[in-house]
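Structures for review follow.
After this come two complexes, each holding chain A, first together with chain B and then together with chain C.
And then the complex of A and B:
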């Protein structure tokens, strides 16, 4: 079978340019959309960091001049200053937004309890597997199969229905070789278009192709996308290896797309959130309110005790240090009360994710999406890592102010220079690969299995 | 050479072909006559290896078809009732496609020579096939056979639906191929064409070869009379 002749035929039939242009336009548009979203996030984070840096410089200057509010660890830590913990963008972030637009890209960490900044985000961690963003991962997981189906649903049936298969096989070529030649030509067009389009999308999305940090994940991305496409080619060949009419093949493949790309991911999501349901938002709010009221009552009792112990202060303001020591105690009380409930959210989120990691193997669409978002750094695992690192940073940040507050120290310009800094420690490449490799292995095995069965069947395919 | 030995094909209780013994030698044109369902196309499909025999064997150039179907097919060419090639390609491109598929490596000049020899006007070589008449498509089918240098041809009602001129041109073509040494088996409903082009004529009914005649030994009228007699219960 001449690949050149088959490609020429596809070009004459108008399929090759159509596939190339469609895929390229979709992927580039998706990458530009992803880049725009990342741009908004990056600009917001940069503006926030700049604002905090200016505030810090001003406070340090005021502390040098002995301004009362600037030297008070209570005022600064619990009222004036918060440090943004920012999740940096990744080289391939524009290609797979993942949950990036749902979950926070930064947390405003202050000395107050962690619930203050955690509560501003969606704590249920919705594991939204039904892909909603128009990004390159969406185009690959949802739309690439449709392109493959459009090019292959009548691969054998149309040749048989038109009578071309009989003429072709009568030349002495085996039906298997003839059909595989057609598959190879279509695969060359789809994968050629995909690679060209993804490179264009990577450039449009600002992926640093000259750096290993950008080039290596992109290569793995290409591998994942190619194997996913190969799976759909193998499935189409498998469906075509039975002598059915073209419309039946189209229905079967469209049904497979519906089940594998839409229904199973949705059911996986539903199963995870139903089996390991997180406490409701109402419960969280109620618990927070009760914990706050309880802590406030304790703080009021503490203040009463203060004025009882210091009758000379009756009718005046409470000492600033003592007041903020009381606030710190209140925050600790609330945090202690909230900890079990927040831990429950974390536990349920971890369980949900564990279940999703098992159920993902029901759908090649889910596994591929998981792999692509993992490689792009926009999956739930990196987000959870960010949250964990932010909580650890919160301990250092609040400890910095609480320790000075409790021993009655004042802040100096040197203290401002020594303020803890948040720097996200990226998960290792090995961990990222470990999350992507199951999908690669599954797609490879499924493609080989379906393709192998199809080839065996084609050997006995009825020509007439 | 084409040969069948006690070749039979049954579908359940229905016998589509019963113990067909047939030999078509190089240079011969054997015309199989018969009504629809007589077994003509079944015989051709068995010789092509498209279906497996229930009993007996089919041979092409000495190769048993059931044992080595691809090897047998490499020795023959097949022209169905309507040659359905790729409408988006030109006649020349179709010939190139199918001759490369058969493993032939011919230059563009040689391919155009095949088309011209099959009677396709040079002006039509580079026009898309979807604009071709049925007769022109059949000529491309013949060109594929010429390019393949096939020693045997299987034709399944190739002149059905052709106008008399095109039908006559087609007959001239296969006569030329037979003169070059091809063994040709042609299934047809056309008694006149069978008498004019055939070397031998067989009449089939209900899967059985009922009668055989040398074309030179029978007149048009006698052939028609014999055919009608065989069709009667």
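And then the complex of A and C:
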């Protein structure tokens, strides 16, 4: 039976429209959902930046007029002004929400210690977070295999059970060609539907198809999703290449789905968070308190000492400067005490990620998800990069105020114009694209391997 | 007759290599989940108890200070781990574990465990709750999908019915046999769970554990009922299996995600920025039309009149203590308002989720299970409200101390350890089981509705049982 005949048969069964409509509906709905979330983040970021720009303009204006609070680097840096470090949304962000709704998309960076802003999070519904997102990556990684399984679990077994295979072979057709024709027809329908649906989802999700930063990752997304689908086709063919009953095939494939898509990712997370457990946030809280108390005591002592030595300086602007100098000193010593503790969180997170990058090869579900979220920029790695760049920016921002405060300088409108600006330095497009390669390679190898073994087995297949 | 059928099914299931292999995998996963959650529970509960004691010690030993400095120093409330969290962690990974209780301000709980997990945690965590909510039902479906259809396909159904068994007896017998086999196979894991609970916390949480056991057994019975009904009705074993697997995947994974996100789209929660702007605006103007400054002025003139003096310094109390009290009154009302807005938005999302349990009994079970295990959203709120009540009491006490024990303008007033000790300790009291159950009326109703529908379907199906394969 030729591919065309098989396609004709499937068309008569209404399979093609069914697959197309289901996948399109799911993917477009998922992309719209992702876009809604992205919209909130983009609006929040725009509002924040506008608010800070206004405050900065007003302060610069006041500084020009010599208003005491606006010229004081202490008051401005430690109390009035903070710069939002914003993680921009990405072209494919709507397709994979990943960690985007959990980890902060912006930090309010002030001259005070980084511990003040690092722990921030958005007020969220924890029930929703615990369930996970309905995004296009979910539809691909979790649901696409189920569509493939539903279409292929009885590919060979049903024909054998009905005796069609024997008839086909008796009429001179090769059993392998017959079966491959059926696979090809189904693959054509699934992939055709998948590409149309994904393109529709990309449009619904606002992916800028005209730009390389949108089109190239999307092409890799398509490739990743297609190869992932191909892997499930190959696995179904592999399962079908043994003479079993259709319902046994279905059970086996459902079991494989459960293991590869649900259990192995969960076990990988469990292994990574157990082997490289994050330091305790509770202990961090008590350590922070100890450090703050110690710094406060030292500052109070040095403040008293300072005024004892310089009684003429009490009151007026010098009083304010001296006060904020001691605040700066306190913040600095707390930050110095906390830095190694905070660094431990990053170290453990990096170790966890390294382990996940090895263990991901246990499951095509994990690798595909890693690749899809990496291409969308919503994985843990980009988030960690954002955190690292925010911390580096915090050094510049707090240094700007501390340096002026310590030498007793005042802020001028020119200083306001020279304030450090945060701009997230995106990893290059090449680097982002490269992160999809492990998944692409693994899926390709696995699909070819399973498909090849299945075809060899089918050649020796009992037809009745 | 039912007994004979049940025994035959039970024996058949226990002799089936695939069933045994499946049960072994489930037991293994269950043990992995139990071991990891048990170890986490032990370390977390020890650590939080130690931290709470340490924070209390830091508080009482903070030396001599103005009580308002102490109020800004504040204290922390840690949420203790509850024993049944090892079974069903509920939403705990996505909730903060500590709250800083400081002057004028109600803080959010901080330190969500999920922030320190890998991104794969979003696939779902492997917990015992997940094993029993998702994997055990799958096992039951695989055990039962062919129980009628394969007998029909092989012709034994006809023989059975000819031997005098009624379809209803056959159905009940199969239900009891397969249900009994599942219970027997899961018994080691259940015993291990209950043993762990008793070891960790004595008998305190045993009633809740029994409720959980009943709830999960009820859900298992629903799944078995569904599988047998579909098997009795379906044209072939293959159709039955496909239908059941599709149902399982949809109710376990798809409907919950869609419902949760639909809730967010219909009723978004305020962003942190919106929340803060709202709080700041209301703190500046005050609620109820009177500005905080006007409230202070009014109280000042009332007190001056009451004590028949002209100047604040001549009052027998420190007016600053009263001012702090007024500021706290205002900020308490403002935070009540804005936390109320946030909580109502989340509640509206949960309402959407609850409504969707009609489509997915698994979601109803999950909600019920979190409530009973003490790991639900509402239990977190109970912790947060308790901590907030303690904060208000503490601030009140410190403000009162300033007002009563110093004079207006006395900036060098210092209090000592006696005052710090008199504030008492923060203590978390978990909600009683009755409160959890009272909140679970919706999921319980949905589960009972599913039972009614499935029983109806089972009765109709057995009455019209097709004997011959098509």
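Quick notes
Operating definition for what follows: the second predicted complex is superposed on the first by the 444 of 464 C-alpha atoms of A that agree within 3 Å, B and C clash if a C-alpha of one lies under 4 Å from a C-alpha of the other, contacts with A are read in each partner's own complex, and residues count from 1 in each chain.
Everything below uses one rule, namely that a residue touches a chain if its C-beta (ideal position, glycine included) is under 8 Å from a C-beta of that chain, and two chains touch if they have at least 3 such contacts.
Keep in mind that this is a model prediction, so the values were computed, not measured.
Of the two partner chains placed by the overlay, only chain B lies in contact with A:168; chain C stays clear of it. Once the two complexes are overlaid on the shared chain, A:12 sits against chain B while remaining clear of chain C.
By the touch criterion stated above, A:269 is placed in contact with chain C alone, chain B being left untouched. Touched residues of chain A were counted for both chain B and chain C, and C has more of them. In the overlay built on the shared chain, the residue A:417 is in contact with neither chain B nor chain C. When both complexes are aligned on chain A by C-alpha atoms, no chain A residue touches chain B in the first and chain C in the second.
Interface of chain A with chain B (complex): residues 1-2, 5, 8-9, 12-14, 162-164, 166-174, 178, 462-464. Contact residues on chain B toward chain A in their complex (touch as defined above): 45, 48, 50-51, 70-71, 73-78, 80, 82-86, 88-89, 93, 96-103, 141, 144, 148, 154. Interface of chain A with chain C (complex): residues 29, 33, 36-37, 40, 44, 47-48, 98-99, 102-103, 119-134, 138, 142-143, 146, 150, 153-154, 158, 245-247, 250-251, 254, 258, 262-263, 265-270, 272-274, 278, 280-286, 289-290, 293, 345, 348-349, 352-353, 356, 366, 369-370, 373, 379-380.
Residues of chain C touching chain A in their complex: 18, 29, 32, 36, 47-48, 51, 54-55, 58, 62, 73, 76, 78, 90-91, 93-95, 97-98, 108, 110-126, 130, 134-135, 138, 142, 145-146, 237-238, 241-242, 245-246, 249, 253-254, 256-258, 260-261, 263-265, 268-273, 275, 342, 345-346, 349-350, 353, 376-377, 380.
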